[in-house]
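Each chain carries a letter (A, B, C and D) given by its place in the written order, and its residues are counted from 1.
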Amino acid sequence: MESKVVASFEEAVAGVEDGSSILVAGFGEPGSPHNLVAALYEQGATELTLIANGAGMTRDDGVITTGNLVEEKRVRRVVLAFTASTHPSRRTPLEELNEAGEIEAQITPQGTLAERIRAGGAGIPAFFTPAGVGTEVAEGKEHREFGGRTYVLEEAIVADYALIRCWKADTFGNLVFRRSQRNFNPIMAMAADCTLVEAEEVVEVGELDPDLIHTPGIFVQRVVSIPEAGGILQAPPLAMFSGRPRS
Amino acid sequence: MESKVVASFEEAVAGVEDGSSILVAGFGEPGSPHNLVAALYEQGATELTLIANGAGMTRDDGVITTGNLVEEKRVRRVVLAFTASTHPSRRTPLEELNEAGEIEAQITPQGTLAERIRAGGAGIPAFFTPAGVGTEVAEGKEHREFGGRTYVLEEAIVADYALIRCWKADTFGNLVFRRSQRNFNPIMAMAADCTLVEAEEVVEVGELDPDLIHTPGIFVQRVVSIPEAGGILQAPPLAMFSGRPRS
Amino acid sequence: MSVEAKRLTRDLMAARLAAEFEDGWVVNLGVGMPTRCSDFVPEDRTIIFHSENGVIGYGRNATVEEATPYVVNGGAQPVLLTPFASIVHHSDAFAIIRRGLLDVAVLGAYEAAANGDFANWRISGRKGGGIGGAMDLAVGARQVFLLLEHTTRDGRPRLLERCALPLTAAGVVTLVMTDLGLFEPAGDSFRLREIAPGFTVDDVQQLTGAPVVPAADLSEVTV
Amino acid sequence: MSVEAKRLTRDLMAARLAAEFEDGWVVNLGVGMPTRCSDFVPEDRTIIFHSENGVIGYGRNATVEEATPYVVNGGAQPVLLTPFASIVHHSDAFAIIRRGLLDVAVLGAYEAAANGDFANWRISGRKGGGIGGAMDLAVGARQVFLLLEHTTRDGRPRLLERCALPLTAAGVVTLVMTDLGLFEPAGDSFRLREIAPGFTVDDVQQLTGAPVVPAADLSEVTV
């Protein structure tokens, strides 16, 4: 069987068309595919739809984020759990474009977002969930009672591409995530037609315990080894500590 | 934190009330909770609802199955992917009771069954699926088109108890399954109010890799060590080979 | 029908159908005859066998010595794992099916119809049945191949214009392998692509409940 | 208000709320002040901290030396794992929430209402917002505790009869910790259970947008 490993991040994102929909995994730093996002930024595709937890932030330490894609107006639509800062003093490029009506921003509760993606990856077109009932996000959606409780109908999300970061991958595309790295990665890998992976280490088939593999290789199309492709292994942490001095 | 380990299978099934709904995991031999099923058989609860892949077969090698519960009319309702034999020459107790109108037997496609259980475990009350559209099992159910394809609405399954078999458990109830043992076990563990586990080995907390745990302990109420409780570690295989002589 | 004509063996049928699998395909094999197919993959191809219980990437059936109680296929028979194997739970195994990742599902059947319908879950006159994963596989897989005996034990045809038994799925079957040949449902007839050695088209037609139309390049079944 | 009266520190607020957690509870801590609670669990109790990213069973916040890029809480801050920890993916993390396995979700808020409503996802006058996991947590957890400053930066009350901002969820809040005390939404008023040392009920009432009713056993906030 042919190996799914490609030599560079450029090669991994080659062919991403203008107008593509793209799932970008990660929650905070862990599991964020910084190298694939940077390669997509260089690649030039535009008119994108981004589906992620958030896509607001840009960084000043040289690390490219989806915020840069938004800032340069390469994104026409986002589906996120965070479309604006929760701090009054901060504003993101996304928020400014959204207020100017230059981007379509759909906000969705994070659990609903995760379940919509999981449903997309599972061939389930729609499901009922209790989250958001009685709030703005449920307005205009179908409501129904089950067992005396009210739920809202939400539709699945599928996408053309998923950008994934993992700990170990084999050449067949079987993936293992380490700790909090897992987050959205396995469900996004399921929901995309073409799943692109940056791996901290690539091993031969047979080296990963089948019981430990979090994402079967049949969901994966291309794999890049971060060290071999010369990528960023760990981005510098942002302000991640709670502020209490600890020692 | 208190250990969830109990000393015997009897103790594990103590308190199962008449009229309870019970998820029984397993697919073929792997992951089948033979010891808990036998203990439930001894325990005496009746008027049960059984949810499983199948519940038809009884065995003649002394191993108690859910078929024995059915045969002794302890079950008033089953939800299964197999309610009758697919071989004309075989007949099960379930089939005979079903034809006599003495049991309520709901048949559901296996993928729909798995997804209904997973939905129950995930707090999703209902979802649409393509399986069964245009067949008897979709009759009387709500149909709807998404993206030009027709789907049928299916409701979640939750239950009072789940009977689970695993490879390793820790005293907190974190579970690891080995190979095909996994099958229905993790989703059934999620969907029950009280999840009872027979483990081939019980270890201390901290001995299982958090990345390898298939079922978090928060889903588990009681754990029995099969060797310590003197249970059947492996039931004798039934006719499992394909019939082609191999050597 | 010549005196020496023998129907194809189960192994031959499985082997012929396995020869249809293309390199890299994801394939699910149903309970019964279909599970034999993983023993007959041509050596130049890698097939990713998927089973309902969550084993992705198993190989041939295990011998008695090789068998473990931990690795079984969708027919609950011991099989070997490939080096690229991974395991998921039952719900994710069917997620893979509905998501459309299976190139083919090979299923047994009681009846196959010329319009692509098939029936494999309820025996005539019985209450209840055994659906297993068939309905999910039938609507999820890109193609559905059937593997069944051409006639019932009492000689009635299983290949029909329309199914008499309750359907498993409508209009999904693309290839039918029986002990008399290889067929394609063609709407109102079955197109006969390959025929069991020693049988004539007329022999086959007499045992079939729908018109049989031989392909222009009709050949004998060989593996 | 006496000159020496000082509002409670963030650590004190977090510690007081953490003292409400009972042994064995499953607890989710929201972004911001709530994530501090895992640093203040009373020593005689084991709390199972759950986070949206799928970490089940983390402990206190990590020091700079202890931090790894692999283990973070729902606020993306480095934390330590407990020995009973396990990891699931995002969808299963929310399955746990909706399934009702959380004893409490501790959330930050812009506004808390006497009727148990709260608002924490959109700032007044802005388009868009940050829902995060709050709406799932608010409807899934058995109880919702809020941890917020009693007033805005410009001194307006955050505890109101009814929320002015778009709701995160209606009627779910059971306990509210502010830098002035510990409150229970009571329908049309807030029941004041504990008060920050040095403040009077009247002080608190003046900074609150709904009636404040002191509990019969009102005491000072202590940890």
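Note that a residue touches a chain if its C-beta (ideal position, glycine included) is under 8 Å from a C-beta of that chain, and two chains touch if they have at least 3 such contacts.
Keep in mind the model is a prediction, meaning the values are calculated, not measured.
> From the centre of subunit B, which chain's CA centre is farthest?
The most remote chain is D.
> Roughly how far is subunit A from subunit D, going centre to centre by Cα mean, in whole Å?
Averaging C-alpha atoms per chain gives centres 28 Å apart.
> I'd like the Å distance between the centres of subunit A and subunit B, where a centre is the mean of that chain's Cα atoms.
Going by mean C-alpha positions, subunit A sits 34 Å from subunit B.
> Roughly how many whole angstrom separate the Cα centroids of subunit C and subunit D?
From the centre of subunit C to the centre of subunit D is 57 Å.
> Which parts of subunit D, given as residue numbers and ranges, touch two or more other chains?
Answer for subunit D, listing residues that touch two or more other chains: 81, 87-88, 91, 94, 97-98, 140.
> Tell me, which residues of subunit B touch at least two other chains?
115, 122-124, 129-130, 177-179, 182, 210-211, 214
> Identify every two-chain combination in which the chains touch.
A-B, A-C, A-D, B-C, B-D
> Under the stated contact criterion, what part of subunit A meets subunit B in this complex?
115, 119, 122-130, 144, 146-147, 149, 151, 155, 176-179, 182, 209-212, 214
> For a test of understanding, state which residues of subunit D touch subunit B in their complex under the given definition.
Contact set of subunit D toward subunit B: 23-24, 26, 46, 48, 50, 56-57, 81, 83-88, 91-92, 94-101, 140.
> Sort out for me which residues of subunit B touch subunit D in the complex.
1-2, 121-124, 170, 172, 174, 190, 205-206, 208, 210-211, 213, 216-219
> Within their complex, state which residues of subunit A touch subunit D.
27-30, 54, 81-86, 88, 94-95, 98-99, 105, 107-112, 114-115, 117-118, 129-137, 177-187, 214, 234, 237, 240-242, 244, 246-247
> Looking at the complex, which residues from subunit C come into contact with subunit B?
11, 31-32, 35-36, 39, 51-55, 61-64, 67-72, 75-78, 81, 87-91, 93-94, 97-98, 120-123, 126-137, 139-140, 166-170
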